[in-house]
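First, the structure itself, so that you have it in front of you.
All chains are identified by letter, namely A, B, C and D, in their written order; residue positions are counted from 1 within each chain.
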Amino acid sequence: MNKKPVRIGVVGYGFMGRTHSNAYSQLDHFFDTQHIPVRQVICGRSEDKVKDFAQKWGYHDTETDWRELVKRDDVDAIDICTPNDSHYDIALAAIENGKMILCEKPLALDGAQGRKMVEAIEAAGLPNLVWYNYRFLPAVTLAKKIIDSGELGRVFHYRANFLQDWTMSEELPQGGAALWRLDAAAAGSGVTGDLLAHNIDCARWLNGDIVSVSAMTETFIKERVHQETGEVQPVNIDDACAFLARFENGSLAIFESTRYARGHKSYKTFEINGQNKSLSWDLHDLNRLSYFDHSVPSETRGWSSIHVSDGDHPYAGNWWVPGLCLGYEHSFVHGAVEFMKHLDNPNAEKAFPDFRHALGTQYVCDAVLESARTKQWVDVKKA
Amino acid sequence: MNKKPVRIGVVGYGFMGRTHSNAYSQLDHFFDTQHIPVRQVICGRSEDKVKDFAQKWGYHDTETDWRELVKRDDVDAIDICTPNDSHYDIALAAIENGKMILCEKPLALDGAQGRKMVEAIEAAGLPNLVWYNYRFLPAVTLAKKIIDSGELGRVFHYRANFLQDWTMSEELPQGGAALWRLDAAAAGSGVTGDLLAHNIDCARWLNGDIVSVSAMTETFIKERVHQETGEVQPVNIDDACAFLARFENGSLAIFESTRYARGHKSYKTFEINGQNKSLSWDLHDLNRLSYFDHSVPSETRGWSSIHVSDGDHPYAGNWWVPGLCLGYEHSFVHGAVEFMKHLDNPNAEKAFPDFRHALGTQYVCDAVLESARTKQWVDVKKA
Amino acid sequence: MNKKPVRIGVVGYGFMGRTHSNAYSQLDHFFDTQHIPVRQVICGRSEDKVKDFAQKWGYHDTETDWRELVKRDDVDAIDICTPNDSHYDIALAAIENGKMILCEKPLALDGAQGRKMVEAIEAAGLPNLVWYNYRFLPAVTLAKKIIDSGELGRVFHYRANFLQDWTMSEELPQGGAALWRLDAAAAGSGVTGDLLAHNIDCARWLNGDIVSVSAMTETFIKERVHQETGEVQPVNIDDACAFLARFENGSLAIFESTRYARGHKSYKTFEINGQNKSLSWDLHDLNRLSYFDHSVPSETRGWSSIHVSDGDHPYAGNWWVPGLCLGYEHSFVHGAVEFMKHLDNPNAEKAFPDFRHALGTQYVCDAVLESARTKQWVDVKKA
Amino acid sequence: MNKKPVRIGVVGYGFMGRTHSNAYSQLDHFFDTQHIPVRQVICGRSEDKVKDFAQKWGYHDTETDWRELVKRDDVDAIDICTPNDSHYDIALAAIENGKMILCEKPLALDGAQGRKMVEAIEAAGLPNLVWYNYRFLPAVTLAKKIIDSGELGRVFHYRANFLQDWTMSEELPQGGAALWRLDAAAAGSGVTGDLLAHNIDCARWLNGDIVSVSAMTETFIKERVHQETGEVQPVNIDDACAFLARFENGSLAIFESTRYARGHKSYKTFEINGQNKSLSWDLHDLNRLSYFDHSVPSETRGWSSIHVSDGDHPYAGNWWVPGLCLGYEHSFVHGAVEFMKHLDNPNAEKAFPDFRHALGTQYVCDAVLESARTKQWVDVKKA
């Protein structure tokens, strides 16, 4: 029981602050890693709120300024849960202070920022992760395992959606603490960085690099009231984005994301079609993986729905028994597990996206936004 | 092209008259049997209606009295599409006149009638069929094929429903031409003979004989206006029936049918669980068969949904191409095909239910109704 | 019963010859139009085969040269069921002889041909239809009805797939009678004209005109043996095609079709997202329409699966009873019904695609193929 | 932040010890009750294992004898997570020492034991709960809310399954720590007490009391090796059980449970059919509730699938955002929440099953087992 504590300082106590805190709280209950996360310091601008959060989640201390947090000797790793426009500054400061980093996605506002972050953290040799959490759902990890086995054969097609409908009302304001995702200054972009980035991370993990894209974006509601100032402002984010893509392995893809698809709450999907097998999945039914195996005799061949909850399915055996579902938050627990395993055994292959992988995803996002602006096919930079 | 015509005289031009006429009309377009049905005579009480029907469906002649029909020299087979209370008389007369019979289900009002019909037609040596049509849907036939292969291993469970909701309104009258199914005098029983009989036929075909049952029935609406007389009458049919059963092969079963299951139109289902494989199906999605194969490695094991429309699926290759659906009426075409094949080759095993098989089903229905009356387990007679 | 016969001469007895013959055979059994189709002449190059087909389907006469067929006095309408490269010649000759035309889709090899066909038939004032049959499935027609009611509000998104996997084997030859769809000379294009054309027709019917597109195509297997000559030839068709589109109403769309999506047989889909409602559908479960109504109180709001088989659903009441499925071939029966209704009442709005509508679809296909070639966004011509 | 601690002593660190510990750990992170559970003492027979468990889950102290645990002054409530044959003794001792009780289901080995437990705890006036956890899944709680609104109208039918396949291998031993559920001495019964008890609890909560039953049970594998002794023993539990039931409200029901339904891991279902609405649900897709509302106009009426994850769905707003799934373990968190709320406000209606409700469920189980033995309908005692 010689556990090695990793003392974490979390910046931001919003939605992501909660998902990460839950991951750190749950990890040791269900997984047996040598390194274990310690909820050391929670940092946020409001002193009252940060103290409440610390008490609720069992943090040992609080900070109200991340510049102080990154200097603390009792913190080993900084977890960045703030809006996208602050990732760069916090990360650079944390690196300067020799801290490991776990950073919310997307890595940065754009590839230029991201490249500097990668250079800095790699030069410093610090362990680092970007929270593309959906990889860590058992069904998605199982898909990765099947694909890595080579059983699909040549891949012909990939398609992925991320559909929501929560911003369809014209009454919805933008900006401010809760709605910064609608403010281009804070978020960098709209659905491209918020939602498609997740799809691109998964796609690159499952199917390799994307080499070129043709995209379109749209802002359906052109003006909104700012939540804090009350002023009517133009909306600068992309409400919707769709793009065609070609992968390095020769396969074709379509990607689409929107916050204007009535009826879909958080409908994130992927499907991959290989010569011998196909796989598909969606977040609304996250415990299931659809699987088609062409080698089954034709009479009984069909798409099968794997309930990814058996003891030998990824992560599932650490939780309950076959047939019992896991949920959304488990993805973060598993992400934290993979980071701890990496600290346990730094030379093994990483099962999580690090800054460099996230930079590659950022480059795809940049190319998508450029293509939408220029109406041209755009080649994607290599990370 | 030396086709052998089978001249058919159909009694009844209602719903079943239409499904059978369609079967006779379509058979030769899609299937290549030596014997082919000829729409010779349609018989019904209303001269106007029977003439309209004959013109629409291309019958060569009409009759208004089935007693005349069964005597005609230009008719080889009688197809009985009338309410249940007339099956016995028409069948006996047809047998006396040496006609083959295709009879709507259920065979008779009860087992006593049915047994005499079986004795008569077997003594006369006349080909005979009862229209338990659902067997002939490709997905159900595929289930039969898989079960007959023995791959399921020991069977533990069978379950089947037939749920509808069309009689839930208290305003619905009973009796008369259109609503005779609500009149116990014409129908014999309610859902037991109308709906459960279908499930029992399939169950016995797929899983063998039923040896004992414990049942309950209920009549939810106790009085209705008679459609023709306008008088308020007690309702004598069973609106709902459920029963437990034990099969000869040691498996357990539950069966349920009702016309009071809000939301279900014609939700007929079955599921069978064997040691190695399970199968399930429902009529609302009739082109699909759900299939579970325990021999698949556990990681990718799941229920698969077979779209039973490939060229090597039962009957499907005679119609269109993979992925294209068939519908309800095709079951009757296939039933007619099997009867014609039997005439082509009388010594081969029959793929359709004859009078004797239908008598076995009738005996189960009788046992179910007796059990509901006596509140005891009842043993089922052997047909 | 004063029916007005429409004597039809069908060119081609292949797959489409069968679906159309079935439509003409079934129409009068289930629908009550004043005009009714008569199976007058079937025309094909092989005298033996055309005679067999005539006998099976009840045609009064045969021809082996369509040039003779179009001149016959006993024929009112020509139904063109031949490969795409012959549509133009047959149609022009039929028009010259004053015949109505029912033409398989796509209208022509390209928009230039198509435009001349439209001009000729409109100048001649002859009734005309193009067989985009999927519109006539009850669930698709119901979607149209709901959309036309205006209840969706502003439309934001449209997406449609047509996925197959039947040409994935390198062993499959191309060309010849059965496989002309793989031969660019006969087919004009690959999946674009064969499959996407269906999706584009539906999309334009349901959501209005498409104004611009950005497309990519791919030919995965570069060479195949020709079925008849045995020689290895380059493959000139598009095996896969995906495109982004913008509609006149401001909505965005993605379309994709391929014959390399392992596990999909004939998976044709659409989804439309409006401000208040969304709809989606697929051909593998063609009796169901998925429907999301945002006006339902949030607690019980969800996607509902309408089993489009009730008496008041489009076309369904003419067939069986609620809960019972229709199949693929019914779409052609309903298409023929709409054409007959148009003859009954020529001034009413047409519920079927005519040559001009099909020309609009052809222009979208042309723009898609041009965009794939040039890697530019291409504006779509107005039909 | 004046929280009132409830110091809990948990007996048993097996599967249920983990689910309850997780509930106590998570409650305060997501819910805001005045009373909050404190992980005070964990008790188990193996000193090593209990110490490990305490460290992993943050218990303040350990015990190896429950007789000591129940006497401790620093414990307010006893949580019984041991095999069924010890519930009675532990509960009586806890009551004697004035402790509140949270007891795993089923309440006792039979109704006789259960009745004494109810009498004792009610005489002592101690808060008490039985862990029928599935009620607390958001979709099931939503079903309860809809049913309680009266919108279903008269209820006609209820049906529920609990299907598993984990004991189908003849190689599986019985008895011992891990497999006590196969040992009738420890478990009382097989699937009846283990699985059907859950279904009966839900059914009585949702649809009221059951008045009479007709049941059948079966033991498919008659002998197994005992896990600890290595001796071959007869199997005394019911591997499968199905029963017909009548509810006090006049509705009919069928229930079935088995561990021999190949392909089902933990397939727990219910469906209820009322005059106006129907609902159905299953545990494999636990975030969804199927809902049919007959008041929707017939054209767009269908079963809708409610993804029970919106902010105004039961419990869901305390976790993440719409569209994100919860899992199995959340049911226990919510159960603990309801118990804490009851302590906050003892006069409000309880949303959890107490000993008396669980006794009613026990009486149904007793009647089911008696009916299976006697092959008679059996009336159910009132709790």
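Here are some notes:
Quick note on the criterion: a residue touches a chain if its C-beta (ideal position, glycine included) is under 8 Å from a C-beta of that chain, and two chains touch if they have at least 3 such contacts.
Just so we're clear, the structure is a prediction, and the values are computed from it rather than from any experiment.
Least step count on the touch graph, chain A to chain C: 1.
For chain A, the chain with the farthest CA centroid is B.
Set side by side, the interfaces A-D and C-D show unequal numbers of C-beta pairs in contact, with more at A-D.
With centres taken as mean Cα positions, chain D sits 55 Å from chain C.
Chain B and chain D, compared by their mean Cα positions, are separated by 42 Å. Per-chain CA centroids place chain A at a distance of 36 Å from chain D.
Looking at chain B, one finds that residues 264, 288, 303, 307, 310 touch two or more other chains. Interface residues of chain B, counted against chain A in their complex, comprise 142, 145-146, 288-289, 291, 293, 296, 298-307, 310, 312-313. Interface residues of chain A, counted against chain D in their complex, comprise 1, 15, 18-19, 21-22, 25, 28-29, 52, 55-57, 164, 166, 264-267, 283-288, 307, 309-310, 319-330. Of all residues in chain A, only 156-157, 159, 163, 165, 168, 214-216, 218, 220, 240, 242-244, 246, 252, 254, 256, 258, 260-264, 273-278, 292, 294, 303, 375-377 touch chain C in the complex they form.
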